[in-house]
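To keep things clear, I will list the structure first and then write my remarks on it.
Naming follows writing order (A, B, C, D, E and F), and every chain is counted from residue 1.
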């Protein structure tokens, strides 16, 4: 358990999924995972997955600290254009250094 | 207009879903079911439209398309002025909501068709083509309004560099929208495919259509009821708008369909419903992307929680009554 | 009774699913597919029931409803006494399991219908109405038993303040259950809607019914097989109960349907199946909510892993044989 | 990454979803997210999503330490009534202080 | 061969899906929808096959099965030699890719059937049986090649102990594959069930079949387009293989179907399509499990992103043209 | 929040789900949870859930440190046979010691 990584989690409406993928490619992360969410409640109201505009995804990347810093800078730009990305970051250990970067 | 005309499965399943959530039933649809059903419905309606198109005469078809474009561009502008200038609703929220009301709800339109069918009332097939056309213009208007809004904001903040959006990406947003692609794509396919080849998919898309619609409306009834709690946040101006805008829309549709297009009662009624309805599937993701400054809970609450139920339960018989009075 | 009567798609697809998991196939249904299929089936059966109701005569219909209530209230009490007093099963587990066996399994009932259809055997339509009625009473009994259990526990621990549950929330739990809402709702809709209007959804709910059932049973076969590993935890008392309770239930159903309701072979057989079957869709979530003290793995293992396969493969031909012998 | 929050995760049967929502509203959290789970194994046996009573959800809230303490107290009451909630809590950093509270 | 023969809904929906992703539409299918549709299609095709089997004559049926086995065992070996010996592709990747090309794609086969139907061209039903048979042999060959590869590797590394795999687990992997179980299971059911009993599920599996296929191909068109970005990683050898191997396969199929089985144009064409097609549903999970050393992005990109679209758009009319020229 | 546990997360193709379940049973963990993922990008390309071989799951176990060490040893054996398991581990606190072990 020596390999520290940052687990960057973004909760965002599924309409912005392609935007997130482009972001990940721009920053050049080694991978990402997308999980659909059934229901979400927040400042923009209840989202219940009845249609694409009403659905959240969890966009998750496990990356190095450096990549995380780049990522945060890019996310900030998107947030500045009023896109409501909800971002939280967990410390994580990875079994294989080369799996996630 | 008697009440029994509302005793059609589509409306009753909607009511059942609505009621289920009101009495706090734990009834739930699996994730993705509503989306799957709406994909089916859009393709089914697209096929209907394509068949209609292949049998249509050129001039009335062209006229319908033009009328659809006029309605699709004019009603969102009306809605925007109403909301922003009269109602003092924020400029971005006004733009986003306007786009929803300028676009159409396939679900509402289908209930209207079921309504006519249940009464044995015939109708022109042109409104089917108009439905496919009317999804996009309002999205474009919404984006243009947002650009305008951003430049207004920039002026206000003495900020000289509003994020600009190109004409190309604007059209892209409006024409690659998933619902638009399905509707226009299925329409084109049904138009191109020789009638004999199309037969193989007819049992699926035609005979099952109303059954699938009943399931979809059951789910949408539940979704509409879930949005009710959010009303308090919307405020009186928006709630009033969510009920009066459809009526105004219907009247505009009436004028266009009767005086311009010269449709029969059934056709006039369907155009009224198109103009009265507001999108809650195609437009929300487009606005999430294009006008992030607007609050999504406003437009989803209004269109799905208020206007959709209003149109299904009150609007449809009302518009039919009016169409009958004027045209019949 | 010859074996070929079991050669109906419904049973064979169930067997295929069961077998697939026994041979450790990686066959998987997508998440939510089983739930979607069961929503369809409940609506379809509700519609059948509503049509039956609209054509039913008042007195026999009323009689059937009464009989359904008697069965729905009596069998769970019998099951509870059996489990708790004779079998020394814990009081909460007994209450929860009893509720499952007092309620019914629509899946089992549908196989029974397919079984009759495959032999060209006619049947009364009243059991369809009874099915819709019998979902709820057992849930109420389960809740009442849990209240009783909690007060017993409180006495035991000298604890004077057992969490009380109001009569209102009790009825709420029983009547807003998702399956109950779908079944009764669809029934009411089919009852209210004029036959002409109903036609539009018939291809969907009627002609596709048995095909959807085959898919559902394929999935349920897999689910039943998955529960088999959990048997060791259940213990002999429960396993014995899971096989003998359906038979006892069937015999009670026989008495009610033959001596009280005076049904023909087909109708008697269907009531036997109703009484023999145990719920594995409607009641589990109700018990999760109402009797959290019970262990869900007991009731799901028993009803889905044991009683359901037993009824489908052994019970149905057996009950039919008995009904024939007595009534025929 | 100065904004510390608690990520409170509750694995629970989907039959209790409405109960969780009421709980979140009672405590007054700023939002929550619900993810469906396909399969779960635990002391109450295998859950394979074949029906509502056989399905788990992950009910997740990102909240302040104070809210977490209130939440835990409320959850404890529900657990005391024998509802099998499986709760685990992660430390997390949020990009925007006002996004999660 | 004129272009209008491609104007069948199946092909056009595939094209629509493909196009939708090329123009970066946000069109999305809900999770699990593609899986659900493919379960339906496999059962539907299995039922067709079972009905065919129950009406088949013994000798030609046996002959077809033998021919299917020969094709299923021979083509993956050819593909392996081609890739590994000629193309210098890594030994594990070669083995895994070979298994995909030795197996078949039900989706491609169904488009071929729709193609024949649209032209009113008849065909033998034996290819339906061959489809069910041809899923498994290539998986077995793939596993055997992997065992061979591992022992080669061990020799290379002077490593004496390659992980051995038993004959039993090898057969298990090939025969419990989800797609194989569905196809063979449904076939067996349709074979066993008396025609009268089967009628109840026919509306579902037969009349809806082409409609469901259209939805499935819409989704697969989107999936194929998504894989296009991955091509650069595949390299020229693999891309060339992905287009020429189907043609070579089709020619082998032609020889087998014409000279050995003596089929008519329709039958020859279908066997060509079977041999030309590559699996993208049944085999990938088997290879994930059995040859973890291979890179999944190669085989999914090739089969789904290249060979499938090639066969649907170019191959099918081409193979038909060849079959007509030779047999007609 | 005294009860420390390890949240062991494995992202893996759904074709290997049964293998993971057998692993968990072999090590003897008290439970696990499986969540389907919609999309994944990594070294083996894009996975979009169109079929079983094209789908990822998140296999998650909350266990003690000791169990985690056993688990890692077993996972390593599987990884040595070239199965691409992507493993990351988070620290977590559990409300009830006996819920997760």
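The criterion applied here is as follows: a contact is a pair of C-beta atoms (placed from the backbone, for glycine too) under 8 Å apart; a residue touches a chain by one contact, two chains touch by 3 or more.
Since the model is a prediction, treat every value here as computed from it, not as a measurement.
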item	value
Between subunit A and subunit C, the fewest steps along chains that touch one another	2
Neighbouring chains shared between subunit B and subunit C, ordered by label	D, E
Furthest chain, CA centroid comparison against subunit A	C
Relative to subunit E, chain with the most remote C-alpha centre	D
Fitting subunit C to subunit E on CA atoms, where both chains share a sequence, rotation angle to nearest 5 degrees	120
Chain pair showing more contacts of the two, A-B and C-F	A-B
Centre distance in Å when subunit A and subunit D are each reduced to the mean of their C-alpha atoms	20
Centroid distance [mean C-alpha coordinates] between subunit F and subunit E, Å	32
Distance between chain centroids, defined by C-alpha means - subunit A, subunit E (Å)	37
Interface hub residues of subunit D, defined as touching at least two other chains	14-15, 35-36, 38, 52, 90-91
Overlap residues in subunit E, where contacts from two or more other chains coincide	24, 26, 28, 31-33, 35, 178, 203, 207-208, 285, 289
Which pairs of chains touch, using the document's own definition	A-B, A-D, A-E, A-F, B-C, B-D, B-E, C-D, C-E, C-F, D-F, E-F
Residue ranges of subunit F in contact with subunit A within the complex	11, 35-43, 56, 58, 72, 75-76, 79, 85-91
Partner subunit D, residues of subunit C touching it in the complex	31-32, 34-35, 38, 163, 178, 219-220, 223, 226-227, 229-230, 233, 280-281, 283-289, 292-293, 295-297, 300-301, 304
Of all residues in subunit D, those that touch subunit B in their complex	14-15, 18, 36, 52
In the complex, subunit E residues that touch subunit B	4, 7-9, 12-13, 16, 19-20, 23-33, 114, 117-118, 203, 207-208, 210-212, 214-215, 218
Complex contacts: residues of subunit E adjacent to subunit A	24, 26, 28, 31
